[in-house]
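Here come two complexes built around chain A, the first alongside chain B, the second alongside chain C.
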Partner chain A sequence: MIRWDRGWRLYLRVALALGITLVFVFPVYWLAMISVKSPDEIYAYPPVWFPSEFRFSSYVTLFRDGDAWAVWNSLITAGVSTVLAMAIGTTAAYSIVRFRTGGENLAIWIISQRMIPPICVAFPIFLLFVSWQWIDTRFGLILLYTAFNVPYVTWMMRGYIQDIPLELEHSALVDGLSRWAVLRKVVLPMARAGLFATAVFTFIFAWNDFLFALVLTKSEAVTYTVKVTGYFGSQSTFWSKIGAMSMLGVLPMMFVVATMQRFIVRGMSLGAVKG
Partner chain B sequence: MTANSLSRTLERPGVFKYLLIAPAVFVILLIGLYPLIKLAVTSFQDISMFGADYSFNGAKHYVRLFGDSRLWESLLHTVLFTAVALPIELVLGYLLALLFLERLPGKSFFVAIILLPTIISPIVAGSTWRLMIDQRFGPVNQILSWIAGREVELLWNIQTYLVWPAIMIAEVWQWTPFMFLMLYAALSNVDKEQLEAAQIDGASWWMTFRRIVLPAIMPVMVIAMLIRALDLFRIFDIIWTMTQGGPGTMTETISIYAYNIAFREFETSYSAAIAFLVIFILTLVVVWLLRRVEVER
Partner chain C sequence: MANLKLHNINKYYGAYHAVRDVSFDIPAGEFVVLVGASGCGKSTLLRAIAGLEEISGGDMTLRGTSITRLAPRDRNVAMVFQSYALYPYLSVRENIAFGLRARKTPDAEINTQVAWAAEVLDISDYLDRYPRELSGGQRQRVAIGRAIVRDADLYLFDEPLSNLDAKLRDGMREEIKKLHEKLGKTFIYVTHDQIEAMTLAQRIILLKDGQIEQVGPPLDLFERPRNAYVAAFLGSPPMNFIEVNVSAGSVILPDGQALPGCAMPDGIYTWGIRPEHFTADEQGPLLAKLDVIQPTGARSYGTFYIAGNHMMAELDAHAANHGQTHLSVAMDRTLFFDPATGEAIP
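This part shows the complex of A and B:
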């Protein structure tokens, strides 16, 4: 009797989990389907749940017309800014942890920089970019994303570096390694998992940014998020292009996150949960 | 100075530590301090698309804030939206976490898929839901029709009582998984022996929750709520794709309004005053919250 009850409850749980998972994945499925439907199927009433055939013409159009360039822009700006922010933020974190630079206050001041809503600083930054002629350049966006991610990297790496035992560094110093070599050869390898996880989130933040890219780019350096919103017109909305461009922007993220599931909790909780 | 002695100087802890942190401080000053100074100066000048008067004109833009009903409405929208969305995400996330704490085959697979919404760009999430709720070719009305057993035709992004719920659905869909993940991690660390002891002592569900579970998950819950509340307060992307603040100014949040003033109406000086107001409010709230958290510890 008890056995039967357990089995029954297990099935109920699985069914519930399956249902909930479907709710969360369905909109993504719908978007993916829109990108491969024919125009008639997109605007069909009642809606078509499964296209008669997978048509990749909207993707072909994106590449032929050069719109896919925006994904490349996203990749370059997010990628380069991630590398820069990681370098700047990690060394800063090391300085804060090992030398207590600035005491507790500096670390808190740095993380508090993430609190200010982007829209508040968007206009002054826009003016700065205009006067230095950085508008619509990838260089400008890279610099901005780097700056915006340094607080996050510093904060996260501070936690990871704190986990590294001090004795290792001491013995390396005694062995005659320079401080710079200690950082490079002892600390960084020890913090590899943390570096990787932090870099992934830094990349995602830059990749998902919309507001700054909207304000600071026009045509040359447009990122994929701005491109997606460009297909919403006042007269007509190009749903197949929206679907295809969105998929191009979402697929890399899915891939990245699938490979790093075990780091995700700590990264998302700003280090509050040590996974 | 020879290269050798230079490198020895750089190696001294007193120099080395500042060398390491200098780039970070420089970069943060550039984007954290420069814009604030620029905002402060601009807000006392008189710059708009009709002309630029760089002389100081007193606090008239700050006075104007008080009479700007559109501003206060957008602020009210933002606060209300945060106040409703945050508890919903918290409760749903908690329930989901409870479900996944139990034995469940294929757990990590389910978790991976449920997390999908949180990693896609908010822009894409907004577009997706705008598609989902379309009154003609969106599947939401179709599914509702099946459930209701008759034709349902809700004009999600036109009818005034439906636009906010539509945005809410998209927002909750995207960020409940975040709450779920945080609470799941926190709940996994609750002391099992304490829970069993409470059960043996015959403690009620509520007592167990109040005395054992809640204190254990509190630190993580507070951080998760703080992260989400700050994000909700600046909500922009989802609303931009779903309604652009419309119909009229019905779904204008503070970020959308500030954008319109700065980049559509080019009221530069006034937008600087708004930015300062927002930063001021946020600072007050966060300082107050942090104090409360410290006191409770």
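This part shows the complex of A and C:
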């Protein structure tokens, strides 16, 4: 009786998990299908769940016309800004934790910077970028994403670094390492899970940005999020291009999250233990 | 020649005066134990010597040169930490080699040194394991290995055995003593455990409230403590104290019993008797009613009260029985202290 009950509950739980997964995966599936459907199939009613033939012509078009360049822009801006933000933020976090830089309140002030709604600063930043001639440059976007992500990285890494036993660092100092070497050889390896998890989220923030990319780019530095919107026309909407471009944007993220999943889960639970 | 000299070391944490005017010399090759109750400043002092704690005043010299302002890595000291401080992401071999690599030692020499340290500490079989795969005792050995593998001027131990269980601790104590004899290096060892201090030290530095109470070889401190605090700190079970009146060569206890054979001038004293100074003796002048008997095998501890003062006698296992017992006291080995200041009166 008890065993039957337990088996049944497990069954229910798996079914529920499957159902939820389906709900969340379906839009991605639909997007992928749109990108390979024929125009007729896209507009067909009742909807075509599975296309009769996979057409990759939209992808070919994206690459031939150079639109895929926008994905490359996204990769560069998100990638470089993640590396920069991680380097600056981790160093800052270490300083705050170990040397009480800025006293009690600096860390709070830093994270408060992350809480500013981006739209509030979009216009001032646009004016700034115009006067510095950074409009439509990857350089400008990289700096901006870095500036926005440093507070987040500092806040997260502060938590992870606090969890590292002080004696490990002291031991390394006595053994002959400088502070910088301690950071590199003790703190970073000890905070590895947190480091990867934070980097993934930092990357996602930059990758998902639409607002700044829309305001600050025109053609050269356009990122994929902005490019996608260009296919919504007043006369017609290029659904298969939208699908294909979106897939190009989704795939790198899927790859990153899949490879880093181990660290993301561990990093999140680590952060959860220490508030 | 003194290897390490500390001169008027002071350390404040805000308004709290953690280390007060501490000065001592440690000759090269000596095994010194810093001992005291928790909060006495012993670990702070050790960490100050390592350079992990900035001092508020005073000067330290090592082999004649001042190290007061040097970074930890420029002091050439090696340290074993209470928590072992092993790097979980490095194998035992790399943990031991860590300090050598930090100092850019050639690989061939690292290999020789690591193999030697592993041999000395009997951990050669574990070199390719990770710390999480080791027992507490093995981790402790790795931590010690990481220190001794380096050719340092000073080896510092911060309560290295306090995380081990009692049995393992006894074994490691012996090994640390052997290690010191083998290496002939200067060891400074911090502990709150008086047994560790007594058994390991060539010289004990006993601290209280950030100040040195007494310095000397273990038996000197044990037999000739400068004051009641030192007398009470060393020895287990601790020394018994009772206020007595000495009159005409007899010690008069508060309950009126008189014990003859005292050479002190007449007056009021705090009398210190170690538990082992009592003997069960039919002819003994002291009549005590033993309340609680704690046998340990060879010896037994008997508790009794004299006018409300808790006393403990260490007696022969079979001589310790409940009820009225006659005890004799080794009068010449007992100690007398000034009841006001606690200073020992010779």
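Assorted remarks:
Convention: the second predicted complex is superposed on the first by the 249 of 275 C-alpha atoms of A that agree within 3 Å, B and C clash if a C-alpha of one lies under 4 Å from a C-alpha of the other, contacts with A are read in each partner's own complex, and residues count from 1 in each chain.
Following the convention adopted for this analysis, a contact is a pair of C-beta atoms (placed from the backbone, for glycine too) under 8 Å apart; a residue touches a chain by one contact, two chains touch by 3 or more.
What you are looking at is a predicted structure, and each value in this text was computed from that prediction instead of being measured.
In the overlay built on the shared chain, the residue A:Ser178 is in contact with chain B and with chain C.
For chain A, the partner touching the most residues, choosing from chain B and chain C, is B. In the superposed model, A:Val60 lies in contact with neither chain B nor chain C. Once the two complexes are laid over each other on the shared chain, residue contacts for A:Tyr94 go to chain B alone; chain C is not touched. In the superposed pair of complexes, A:Val215 makes contact with chain B only, with no contact to chain C. Residue contacts after overlaying the shared chain place A:Ala15 against neither chain B nor chain C.
Of the two partner chains, neither chain B nor chain C is touched by A:Val130.
Of the two partner chains, chain B is the only one that A:Val257 touches; chain C does not reach it.
178 are the residues of chain A that lie in the contact sets of both chain B and chain C, per the superposition on chain A.
By the touch criterion given at the top, residues 47, 50-52, 71-73, 75, 77-79, 81-83, 85, 87-89, 98-99, 102-103, 146, 150, 156 of chain C touch chain A in their complex.
Here chain B touches chain A in the complex through residues 7, 10-11, 13, 16-18, 20-21, 23-25, 27-28, 30-32, 34-36, 38-39, 42, 96, 99-100, 102-106, 108, 110-125, 127-129, 131-132, 136-139, 142, 173, 177-178, 181-182, 185-186, 219-220, 223-224, 227, 230, 233-234, 236-237, 240-241, 254-255, 258-259, 262-263, 268, 271-272, 275-276, 278-279, 282-283, 286, going by the rule given at the top.
Residues 165, 167-168, 170-178, 181, 186, 189-190, 192 of chain A are the ones that touch chain C when the two sit in their complex. Remark: chain A residues 10, 13-14, 16-18, 20-21, 23-25, 27-28, 30-31, 34, 42-47, 49, 88-89, 91-92, 94-96, 98-99, 101-102, 106, 110, 112-113, 115-128, 144, 146-148, 150-151, 154, 178-180, 183, 204, 207-208, 210-211, 215, 225, 228-229, 232, 239, 242-243, 246, 249-250, 253-254, 257-258, 261, 264-265, 268-270, 272-273, 275 touch chain B in the complex.
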